[in-house]
Structure formats: structure tokens, C-alpha cells
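Heads up, there are several structures right after this.
Two complexes, one shared chain (chain A), two partners (chain B, chain C).
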Partner chain A sequence: MSLIHLVILSPFLLAIFVPLLHKYFKRIHTGWFVLALPILLFIYFIGNLGNVMAGNTYLSTMNWIPSMGINFAVYLDGLGLLFALLITGIGSLVVLYSIYYLSKEKEALNTFYVYLLMFMGAMLGVVLSDNMLVLYSFWELTSISSFLLISYWYHREKSRYGALKSMLITVFGGLSMLAGIILLYTMTGTFSVRETIASVDIVTAHELFVPALILFLLGAFTKSAQFPFHIWLPDAMEAPTPVSAYLHSATMVKAGIYLVARMSPVFAGAPEWFWLISIFGIITLFWGSFSAVKQTDLKAILAFSTISQLGLIMSLLGIGSAAVYYDYLEENIYTVATLAAVFHLINHATFKGSLFMVVGIVDHETGTRDIRKLGGLMNLMPITFTLAIIGGFSMAGLPPFNGFLSKEMFFTGMVNATQIDAWNMETFGMIFPVLAWIASIFTFIYSMVLIFKTFTGKYQPEKLDKKPHEAPLGMLIPPIILASLVVIFGFFPEILKGLIEAALHSIFPSNFTVEDVHIYFWHGWTTELFMTIGVIAFGSLLYLTLAKWGNIYEWFPKRLTLNKLYDGGLVGLERGSFAFTKFYMTGFIRNYLVMIFGFMALLLLLVMGQTGAFNFSLDNASKVGVYELILALVMVIAAITILFTKSRLSAIIALGVVGYSMSLFFVLFRAPDLALTQLIVETVSVALFLLCFYHLPEISKKVNRLRFRLTNFIISISVGIVVILIGLSVNSSRVAESISDYFVKASYEEAGGKNMVNVILVDFRGFDTLFEIAVLTIAAFGIYAMIKLRLTKGGSQ
Partner chain B sequence: MKVNDLILQTVTTFLAFIIFIFSIYLFFAGHYTPGGGFIGGLMTSAALVLLLLAYDIKTMQKALPINFLTVAAVGLMISILTGVGAFLFDVPFLTHAFQYIELPILGKTALASTLAFDLGVYLVVVGIAMTIIQTIGESE
Partner chain C sequence: MEIVMTIVAGILIATAVYLMLSRSILRIVIGTGLLSHGAHLMILTMGGLKRGAAPLLGQEASSYTDPLPQALILTAIVISFGVTSFFLVLAYRAYQELKTDDMDKLRGNENHE
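Here is the complex of A and B:
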């Protein structure tokens, strides 16, 4: 166990002590104890920065289940470090923010920080694991801790609904990913990501390549809220705002992005990978930004905005995968898309984190997040307003913030995509820049809605529960730090160069050199710049006329939304399975018997047909004497009488006839012990039947003939025939000699007895007899208990 | 009207003993001729049932104050112990042995440990048969 293992596990270790700290230091907000850890971890990762930027990677393995190739292997490279910095950095800020956001007295802080620390550790595990099964374990742990955090206010029904929804969707994806991991394992024989990348030739040539690819993408798409799995994210906004800022904007939703980036060296270059990621990404981008405009809840706007931005990053990763296909080019113009993806990943984490915190402040200070009630807060909350402007403009892609830079690069990537001359891109290539451009206009609109509907316009104090004022300093510091980063990254993007370069090294296989990661403010008069100007112009126009065209959202039929599909699907599934269970679990024993016997007859017939067991010979048959014939006739007549008699009494008597004939058969076939026993047992059981008959209740004593049912008839006939066939078949295909010769000899010589049956019962196979008398004893005890210890309904005797 | 069962009761008094002796015969003869613990036990119960029919349950319990559940349990115990006894001679569970002995009256007789096992079977069968019949008979 090395230091980095401890780093990953430290949040879990601290989580153990959080409840104790909460209990014994009641006067101090528990968050302060937690705050130190992410800061320390952040410093630790910063310390590794230089080393990783120099191109070094770090691998450390701790044995977990070595016999199955499952080991806790930690691999620190550019991509992992980038995410680890995001997780710990924003984690520290979120913890600080939550100290002021969550009340010490009213909230269950111990559970909150335990879940948050669990999540932090799990997320670090996801991005730093080299072993895919360990990665999967941490992946599911993020789902679980996210579930717990969303339902933090579990007494609200909407929280529970949102938590369940996100759980179902992300765990569905997680399990798909597990299947993908197993498929990759069958191809390569290893769970290690690095070793899988090393044997990429086997994987690409394998027939399971496409299924594995799709399964991995299912995992990534569900986690990263890509269309159509994005529906859980808006409902996850029921979580406390620090959670939304941390999980649902900066870290967990980027786990899918991480997975796509991490598995790119394995899958990139294949057309399926390119198409699925690019198309789903661009649709998510468009759909998210389009839907964000119609929202009235600030957090819902941010949720759809997150969905859209994640789609943006995803589509960039898809376009960037073309770089692997064209690796023979001197100047690879497609790497710029991946570069833009990584850069925007960082930018999005900064501005979206700060925007969530701003929204949290507004919610906290005014008591509502509804933009229809808000307005005119500019003068009351100037700092918050400034933060919102920085975050919002960056999100809209305006200069001089970092969002502008990554949006320019995004356009570059999309425009370059039209030059791809493979995979039908000649035909469909144009949809990428066009959709991207339209989506950017909507992004611009909702960013403006977010800023100006909240902070400008008419102040409506009568609609607010509280009298708004500026937030406490502790609540402002985290968004201020993030907003400063937005500005700093905007003006000096070069400081991120080393980190981005290191991350790109891990996304592209080693034979790639990402030499010039250049992020410029000024590209010259390029297409991208004109596109941005167009976005601003159209966006402003549309924002100002929003009231006129805003009702287009009403056109969209509400019944056709994905949420309705999800809800209806759940209800349908429940109803369907209930109906199915009701269909075969009728509660009538006769129906179950029909199923059991029908299945038995069918299965045996099929097996006999399959194995060709219908071969009958009468070579071993004995001669049939007249006594046997007569007895058999008596038995058949008695059996038929049982079926057709009207009264139960004659049925019991007929059954007795069958039993006594049986004992006569034993006499005929020279089995005196059996005959004796059969005689007495039959007498006893007939007596017991008569007893039952005598005690039948008066009401049901109606004398009824057995009713004829065709199904029962067919099934009983077929069971009878099948059993006869098996008997004949077994008798005519004897494979070994009987061992009875041994018993004949040994019963006197070795056991000192002349009654062979008895010797077998008590000596050779006494073990069977022992348990048969045990069965009898249990039966006697059972009857005794049933009759003597009957309880009435009240529970007394 | 009180039924007078004099003939039945008188005959039963004789018959029950004859059946009982026959059942003992069946039990002991089991190793050489048809019979054994199971059928012997059933016959003994038949004798007891005959007594039950001729008299009534209360009289029976006075004459034979036995809890037949205990009889079944003791029988099962004897059978198991017979099997366990094999361990004393360092042989597998339920290994039986037999020996020819000269007895004063009966002469040369085989004495087998299977007899003890069969005794267990016998007692279990008597116990359960009587328990079932008595329990059902007593129930209202």
C-alpha cells in the first residue's frame, strides 16, 4: 500500500470518524473537520503536477484478488491527474460552501459529510484506477453515494423520486459497463486498462469489439446524462445545492466523459465509436440547450445547461477520435477537437460550479429559485451579480472569459469535422457545425435568461419569503475563487497547457505527439469568429423577443416527453410483471399440477425423441400367466371405477381393491414380505380414508361425478403414456447385469440371514431403513402436533 | 342403549395375545423367513388396536400406561445407537456382525446385531401406529 492508495482511501477513512466528530463537537460545524482533507489532497496532486507534465506516469499496485487478476492498481497520468485536481479542488470549495449553506442546527450534517466523502473517495478511485473491475466498483459507489445525496432531504417526495430515477438509470449504465469490461476481458485476458491498450490489435480484430464498445458507451452516456438518458439530471436537482454543484456539474457527470477519454485508445478509430459519440453528443448539446430556455427554475436551467455542455464535450471527443483514423497525416487537424474537449471540461467545471453556488446563494437569500418571482436583485446582491455575470458570460461563450476560448475551439473542431472524408461524413458532415451553431445560440439565450431575469428587471419583494441581502463571506469565497479562475483561464490559458498536454497524451496512444497545444485569444478573422459573432447577434435578438416566440415550447406535446416514457415504462413494467405473475400464479393447486405434469410429459417425450429411446424389444419378457391377467383386469376395473364413480365411498373401496390386488401381485411374484406389509398398510390407509370421509363437512358432501376437462384428460393420458414408454424402453435396453446375484450369495455367508429382503433392509442397506423409520417418527409427531396442538385463531388452545 | 360387547371382549382377550405372539414370531423370524421389524411392529399394533376396539381408549390407557411417542423415539434411538456402536470396533457406521452361539434350550442359534437394529424398527412402527390411531381417536 503506497501513499496514493491512502490518498484514495482517505475520504473513506475520514467518513468513519465524521459521525463521532459530529457527536462530540456539537458546537463546531462538522464541515470544518472535513474541509482539511480535500485541501490536503489537492496539494498532494498539485505536487505531482510537475512530474506528470514531464511525461512521467506513476503505477502502484496493491493486491486485492490476485488469483482473478483483480488488483487495486493506481495509475496516475495526465488524464487521471486532471480529474483528480478537479475533484479535490472543487471538492474543497464545495465543502467550504456547504459549511455556510447547511445549517448546523437543522440539518443532519453527519450523514451529509459521510456521503460526500464517500463520493469523493469513489470518484478519485474511478479516475485513478487502472484495473477495470476496481474502476467499476468505484463507479457504482459514486452512483450509490449520489443516490444518497440526492435523497438527502428524504422526507420530500420529489427527492426520493429523483434519487430513484438517477439510481435506476446510472446503475443500468453501470451494469452495461460491467458487461463491457467482461467482454474486453474475454478478448485480452486482463482487467488492466494499460494492458488492454497494449493489446489493442486483438481487440479491434475481435468479433466482440462492437458489443463491448456499445456497452461501454451505455455506461458513459447514462452517467454523463447524454440523450436520451439525460432525464435523471434535472430531477437530481432536488439535492442540496452544494451537491448539485459538486456532483451534477463538476465531477460525477464527467465520469462518463472520463470513461470515453480513457477508453479512447482502445476504441477510437472505429466508425461506430466516432458516430455514436459525435451524434449523441451533438443531439444532447442541442436538446439540452433548447430545453434549458423554457425552464423557470434556476437549477433546472443549470441542469439542462450541464446536459448540453456535457453533450458538447462528448461530441468533441467523438470528432477527436477521427484523429486516430488519420494518424498518417502530417498536420492532424482533428486533435484540436479533443484538445477543445479537455479544455472545455476544465472551463465547464469552473463556471458551472460557480453558477450553481450563485444560484444556491440566491435560493438561500430569497427563498425561491423561480425566475418568475425573482428580479432586480442587482443592487441588493452586487457581488453575487458580478459572479453570475462572469459565470454566465463564460457559459455563453463571450470574451474575455475562458468559455469563449473553448467555444471557439469547439467551432474549429466542428468545422474541421466537415473535412473528414470517410464514414459518409461527406453527406452528413454539415450537420455538425450547423447543429453546434444553433445550440450555441440557445446556450446564449439561457445564459442571458439566467443572469438578467434574476438580477435585473423589477424587484418583487411581495413574492419573496425573505428579505434578500448579500450572502455571508464564507458562502461567497468559493464562487469567487471559481470565477477568478474563469477570468484567469480566460486571459492566460497557457498556464493550463502542460496539464492539457499531459491529458491528451493519455487520450491518444503513445505514438501521437501533441506538440503544439496552443490556445489563442485571437485567431484572426476566421470562420469561428464569424460564427461567434452570429451567435451573439442572433442570440441577443432572440433573447429580446423571447416573449414572442417562447410559446413554441407549448407546441411540443407533453405526452411525448422522455419523462413520460420513463414513468410510463416503470408503471408498465410493474403492471406487466404483476399481470404475468397473476397469470401463472393462480393460487389453485390444480393449475400448478397441470403445469408440472404437462411440462414433465413434454420434457420426457422430447428427451426420448432426442436420444432415440423408442426402441422396444420383448426379448427379456416373461410369459404372462392367467392369474396375472385376471389380477390386472381387476385392478384396471377398480381404477376405472375410481374415476367414474359418483360417490366417494365407492372410490375409497375401489382404491382398497387396487391395493389388495397389488398385494396379491406381490404374492404372485413371490415377494412375501411386501405382500404382508402391503396388506396391512392398505388396510390402515383405507381406514384412514374412511375416517376422512366420515368427517367431511355437510355442505360439501354433494355427491358429484368427476367433471370432464379436456386439458386434464390430455395431460393425464400423455403422462401415463410417457411413463409406460419409459418403462418399456428401460426394460428393453438393460446395460448392466443385476447385482442381485451378489445378495443371493452374500446374505447367508456374510450376514448370517436367509431372508434376503430383510437382510438387505437391516444390514446391506440399513442406512435407508434408519431414515425411513425417522420419516415415520416425524410423521407421527406431525400428526400428534397437528391434532393436539391446534390453535384457535386467537392463538390459545 | 348400552351395548353389551361381551363376546367381542372375551374373544379379543384371547385373540390379542395370539396376534401378539404371532407378531413376536414374525419379528424374530425375520432374518430367515418372511417377517421382520416392520411387519412385526404392525402386527403388534394390530393386537393393540383390537383391544382398543373391544374396550375404549381410557381402559386401554389404564391397562397400558405407555406414551407411544416415547416408544417411537426410543426405537429410533436404539437403531441409531446400533449404528454408532459399530464405531467401537473401528468399522463403518451400521456395520453388523453375527455369531453362532449354543444356547441352553434353543441349541445352535445365530445372534446378529441386526436384531437390535430391527428392534428399533419394531418399536418405531408400534409407536407411530399407536400414536396416530390414539391421537385421531381422541380428537373430537
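Here is the complex of A and C:
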């Protein structure tokens, strides 16, 4: 256990004390106690920055289940550090923001901070774990804490719906990822990410390569809200706004991105990886930005915007994987896509975090997030407006903010993608820049909608619950910090150089040299710049005419949306399983018996047919005696009489006939003890049967014949035939001699008895007898209790 | 002889199954009784029906019938007797309380207890 283990576990440890702090320091907002931790952790990770930028990595292992190769191994490299900085940095700001956002009096702060700390620790565990099973454990913990945070206001139905939806989708993905991890384990024999990367040759050549790849991608796509699994993210907006800012824009949704980046050294270079990631990414980008325009809720706009930006990052990671395919090509033009992905990852976290906080402020100060009610807040909330401008313009990709730089690099990556001359890219390559360009136009439009529909236009005080005014300072500080970062990264992108380089080294295989990273603010009159100018021109035009073409969203049939598919699927699953259960769980004992006997006969016949058990010989058979034949005939006739008799009395008597013939058989086959027992038992049984018969209720006393049913007939005949076949086949193939010679020899010499059956019962196998006595005792007690104990439903006598 | 006895046991079991699939409790219990008879007969037959003296050492015979299946059957008879009597009393109590012996009317359902 080293310091870094403590760093990952410290949020969990603090979470234990949060309820106590909440209980005993009621005057102080619990968030202040929590705030110190993420700041400390952030400082700790900053302290590691120099070391990691110098190319060093850090590994520390703590044993957990060593016999199964599961160790809590922490691995700190560029990628892990980048995410850890995002998590702790934005975490600190979100905690500060939440102190002002959540009321000390009205909200259950203890649960909020426990869940938030749980999430923070889990997320740190995801990005810093080297052992894949430990990573998976933390991964699911993020799903669970996200579920708890979305349903924070659990008395609202929509919160519960959103929480359940996100839970179902992300846990589905998490379980797929677990399957992928296990597949990788069967290939390499290790759960360690680094060791898997070291044995990448085995993995690539293995036949399970593609299944493992797809399973991992399912995990990444569901977590990162990629098409068509993006539907949970808009519904997760029911969470408190600090949660949306933290989980659903900056950190948790990037866990999938992290997974793709982390597993790139294992899977990159394969066409499946390239196509799946880049195609799903670009579709998500397009669909997210297209859907964002029609939203009227500010948080819904931001949710779809997050989906679209995650698609952007994902598609860039896909394109970037082409660099591995073209190992050591002279002008390594595909790595720029990965570079853009990492850069945009940072940028998105900054501007999206600040935008969520801005929306939270608007919500907090006006009481609504509906853009149809909002407008003209510019003069009332100037600082918030400035923050929205910075965040929104950065999101739209306008200069001089950081979003502009990453958007330019994104276009560069997409244009370069058309030059790939493998994997059918000659045919389909053009769709990447075209879709990317259209998506950017929509991104521009919704960014403008977000800014201008909220802050400009007509002020409508009659529609608002509260009288809006500028937010308190504490609520403004976190978005101000993020917005300043947006500007700083926009003007001085070189300060991120070292961190991005270190992260790129983790994404590409170790034998792969990454060129020096240069992010230019001004890159000359290139294609990308003209594309951006086109985006601005078309975007402005479309934004101004939004009212005219906005109704194209009505064309899309409402029944065919993915949400309807999800809801319908859920309802269908429930109804289907209910109908299926109702179909075979009829409640009639006869139906169950038909199934049990039918399957028994079928399975036994199948097994006998497959193992060739149908060979019958008569070599061992003994001679047929006349007495036995007559007795057998009597027995069969008596048994069949039971079926055909009208009255139950004759049925009971016929059963008695069968029983007494049994004892006669025992006489004939030299079994005196059996004959005795059988006689007595049969007599008592028949008496008991008659007792039951006598107590039949009046109504059903009228005699009736057993009704003939074909199914019952077929089932019983086949069971009988199967029994006969098994009996014959057993009789004709004896494998070994009986052990009874020993009993014959030893029953007098060793046990001192001449009746061998009795000696076996009480001496050689006395235990059987002991428990048979127990059975009889229990039956007797049971009968006594049934007759004597007459409790009614309430438990009274 | 084994073939004949096996067929007899098979017929007993087939009739037992047919009775167990009927609606009246009494027939079902009769069916279980037949089923145990069939099973006991089967055990006896599977042990071999070769002639020999009864398994009593006092007989001084050269060969005895196999004592082990007989011991097993004896145990089985007693257990099946215990279970059958329990069932019968259960059926009797069911008549008393529920006034029916029709299995279709005894359909349990937690929704309308």
C-alpha cells in the first residue's frame, strides 16, 4: 500500500465520515469539509506532472486476490494523469459550486456528498488501475454512484426513470466489458493492461480478437453515450446540475473514451477497430448535434451537445488508430487525429463544465430552464452572460477560444482520413469530412441558441417564478475559473504540450514514436480554415432562419425514436416474460406432471439412442416359471382394472390385489422378509385408503369413470416403454459381479446372524435403517400434527 | 423371466403415470402406490432372478438369492409406506377443509387466497 493507493481510496474514507460531519456540524455546509480533499488530490497529481512529462511512469501493486492474479495495481502514466487531473480539478470546482447551489436547509446533503465522493474515488480508480478486473470494479461503482446521483431527488418520477435507464444501459455495457476482459484473459493469461499490451502479438493473432474488441467497445459506447446507446444521457439531466456538470459532461461519460484510448495499443491497427469507432463516433456526432437544435430545455441542449462532442472525440480516436496501421510512415499525418482527440477532451471538459454551471445559475436565479420562457437576461446577469459567451463560442469552435483550435485539428484529422488507402476508405472516405462539416454547422446553431435565446431577446418577467439577479460570488467562481481556462488554452495552447505528449505516448504502442506536438493558433490559409468560415456562414444563416426550417424535426416519425424503442422494449420484455411464465406456469399440477414425465421420457430415449444402449441379449436370463407368469397376469389385469373401474372402491381393492400379488412374488422369488412386510404394509395402506374414501365430500361422491385423454395416454405409455427399455438394456449388459458373495460369507462369521437380509439391515448397512426409522417417525408426527393442529389463517386455534 | 418381470414393472409404471395425471387426489395417491410397486419390482428384477435358496444361512444351500436388493426393497417399502400414509392423511384433511378432491379446483394462486 503506497500513497497513491491511499489517494484513490481517500474519497471512500472521507465518505464514511460525511454523515457524521453533517450531523454534528449542522451550521456549516457539509460541502466545505469535502472541498479540501479534491483540492489536495489535485495538488498531489500536479506534483506528479513533471515526472510523468519526463516520460516516467509509476507502478505500485497491492495484493488483493493474488491466487487469481487480481491485484490492486496502480499505474500512473500520461493518460491516467490527464484524467486524474480532470477528475480532481473539476471535482473541486463542482464541490465549491454545489455548496452554493444546494441549500443547507432543504437538501439531504449527507447523501449527496457521500455519493459524489464515492463517484470521485471510483473514477480515479478507473483511470489509474492497471488490473482490468479492478478497473471493472471501479467502472461499475461509477455506474452505481451515477445511478444514486441521478435519482438524488428520488420523489420525482422522472429522476427515477432516468436513473433506471442509465443504470440498465451502462451496466449492460459494463457486463459486456467484463466478458471482453475475460476473453483477453483467456488469450494472454493476465489481467494487467500493460502485460496485455506487451503480448499484443498473441491477441492480434487470436481468433477471439474480434469478439473481445466488440465487447470492449460495447462497454465504451454505452458509458460514453455513443449512438444508439446515447438515450440515457438526456434523461440523466434530472440530476442536480453540479452532478450533470461533473458526471455527465466532464468525467464519467469520458470513461468510455478513456477505455478506448487505454486499449488502443491492444486493438488499434485492426480494420474493425477503425471502422466501428470512427463510424459510430461520426454518427453520434452528427445525430447529437442535429437533435440538440430542437431541444427547448437548456440542460437537454447541453446533454445532446455532450453526446455529439463525445462522438467527435471517439471518431478522432478511430481515425487516429490508422497511424498504427501505417507503422512509421514518413509524414505521420494520422496521429494528428489522436492529438486532436486528447486536446478536445481537455477543452470539452472546461467549456462544458462551465456551461452546465451557467445553466445551473440561470435555473437557480429564474426558476426555469425552458428557453421559451427565458430571454433578455443579458443586463440582469452580465457575468453569467459573459461566461455563456465564452463557453458557447468555444463549443461552436470560434476563435479565439480553445474550441476553435481543437475544431481545426478535428477538421485536419477528418480531411487526412480521406487519404487512407486501406479498408475501403477509397470508397467511403469522403463521408467523414462531409458529415463532420454538417455536424459542425449544427453545433454552431445550438451554441447560438443556447446563448442568445437565453440572454438576448425579450425579457418575459411574467413567465418567471423568481425575480432574476446576478448569482452569488461563490457560485460564479467555479465557472469563471473554467472559462478563464478556456481562454488561456485558446491563447497559449503550448502549455498543455507536455501533458498531451505524455498521454499520446500511452495511447500509441511503445515502439511508436510520436512527433513533437505543436498546436498552432494560426496555421495559415488552409482547407480547415475555409471549412470553419463555411460553418460560421451557413450556421449564422440557418440560425437566423431557424423559425422557417425548424419544422423539419416534425417530419421525423415520433414512434420511431430510440426512446420509444427502449421503452417499448422494456415493456415488451416485461409483458413477454409475463405471458411466457403464464403460458407454462398454469397452476394445474397435471400440466407440470405432463412436462416432467414427457421430458424425462424424451431425454432418456435420446440419450439411449445416442449412446447405442438398445442392445438386448437373453444370455443372462433365468427360466420362465408358470406360477410367476400367472401371477404377472393377475397383477397386470388388476393394475389395468384400476384404470377402467367406475367406482373408487373397486380401484382401491384392485390396488390391494396388486399389493398382495407383490408379496406373492416375493414369496416366489425367495424373499420371506419382504413378503411379510409387504403383506402388513398393504393391509394397513388399504385400510387407510378406505378411510379416505369414506370421508369423500358429499358433492363429488357420485361415481365417475376416469376420463380418457390422449396426451396422458401417450405420456404414460412412453414412460412405461422407456422404463422397460432401460430395464432390458440393464439386464443384458452387466458390467460387474454382485458384491453379495461377501454378505453370504461374512454375515455369520463376522456379524453372527444367519438371516442375511436382516444382518444387512441392522449391521452392514445399519445407517439406512436408522434414517428409515426417522422417516417413519417424522411421518407419524406429521400426521399427528395435521390432525390435531387446526390453525386458521390468523394463527388462532 | 427377467423380460416378463421388466414388462410387468413397465406396465405398472405406465398405469401409475396415467393415474397420476388424473384430476382426483385419491387416484393420484393410488398412482403413487402403483409406482412404488413398479419400482420395487424393478429393483428385484435388476438384482437378478436366478433361482437359489432364500437368503437364510441355515438352509445350507450351495447358492442363495442376492440379499442386497431385498434389503434395499425393504427399506423402500417402509419409506414409501410412511410417505403414502402421510399423503393419505393430507388428502383426508384437504377433503375436510376444502370440500373437494378435484385437483383442478385446488389450483393455488397467491393473488386470491
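The criterion applied here is as follows: the second predicted complex is superposed on the first by the 795 of 797 C-alpha atoms of A that agree within 3 Å, B and C clash if a C-alpha of one lies under 4 Å from a C-alpha of the other, contacts with A are read in each partner's own complex, and residues count from 1 in each chain.
Just so we're on the same page, a residue touches a chain if its C-beta (ideal position, glycine included) is under 8 Å from a C-beta of that chain, and two chains touch if they have at least 3 such contacts.
These figures come from a predicted structure and were not determined experimentally.
With both complexes brought onto chain A, simultaneous placement of chain B and chain C is permitted, the two fitting side by side without a clash. When the shared chain is aligned, chain C comes close enough to touch A:597, but chain B does not. Of the two partner chains, chain C is the only one touched by A:659; chain B is not. Using the contact criterion defined above for the overlaid structures, shared-chain residue A:735 touches neither chain B nor chain C, since it reaches no partner.
Vertex at chain A: the C-alpha centres of chain B and chain C lie 20° apart in angle, rounded to steps of 10. In the superposed model, A:677 lies in contact with both chain B and chain C. In the superposition on chain A, A:710 makes contact with neither chain B nor chain C.
In the superposition on chain A, contact of A:651 is made with chain C only, not with chain B.
Residue contacts after overlaying the shared chain place A:629 against chain C, while chain B stays out of touching range. In the superposed model, A:763 lies in contact with chain B only, and not with chain C.
Contacts of A:779 after superposition on the shared chain: both chain B and chain C are touched. Between chain B and chain C, C touches the greater number of residues of chain A. After superposing the two complexes on their shared chain, the closest approach between C-alpha atoms of chain B and chain C is 8 Å. Within chain A, the residues touching chain B in one complex and chain C in the other are 672-673, 677, 681, 684, 688, 691, 754-755, 757, 761, 769, 776, 779-780, 783, 787. Within the complex, the chain A residues that touch chain B are 672-673, 676-677, 680-681, 684, 688, 691, 751-755, 757-759, 761-763, 766-767, 769-770, 773-774, 776-777, 779-781, 783-784, 787-788. Residues of chain B that touch chain A in their complex: 29-39, 42-43, 46, 69, 72-73, 75-76, 79-80, 83, 93-94, 96, 98, 100, 110, 112, 114, 117-118, 120-121, 124-125, 127-129, 131-132, 135-136, 138-139. Of all residues in chain C, only 1-24, 26-27, 29-30, 33-34, 37-38, 40-42, 44-58, 64-68, 70-71, 73-75, 77-79, 81-86, 88-93, 95-96, 99-104, 106-109 touch chain A in the complex they form. Only residues 587-590, 593-594, 597, 618, 620-625, 628-629, 632, 635-636, 639-640, 642-643, 648, 651-652, 655, 658-659, 662, 665-666, 669-674, 677-678, 681, 684-685, 688-689, 691-693, 695-697, 699-700, 706-707, 709, 712-713, 715-717, 719-721, 723-724, 727-728, 730-731, 738-740, 743-744, 747-748, 754-757, 760-761, 765, 768-769, 772, 775-776, 778-780, 782-783, 786-787 of chain A touch chain C when the two sit together in their complex.
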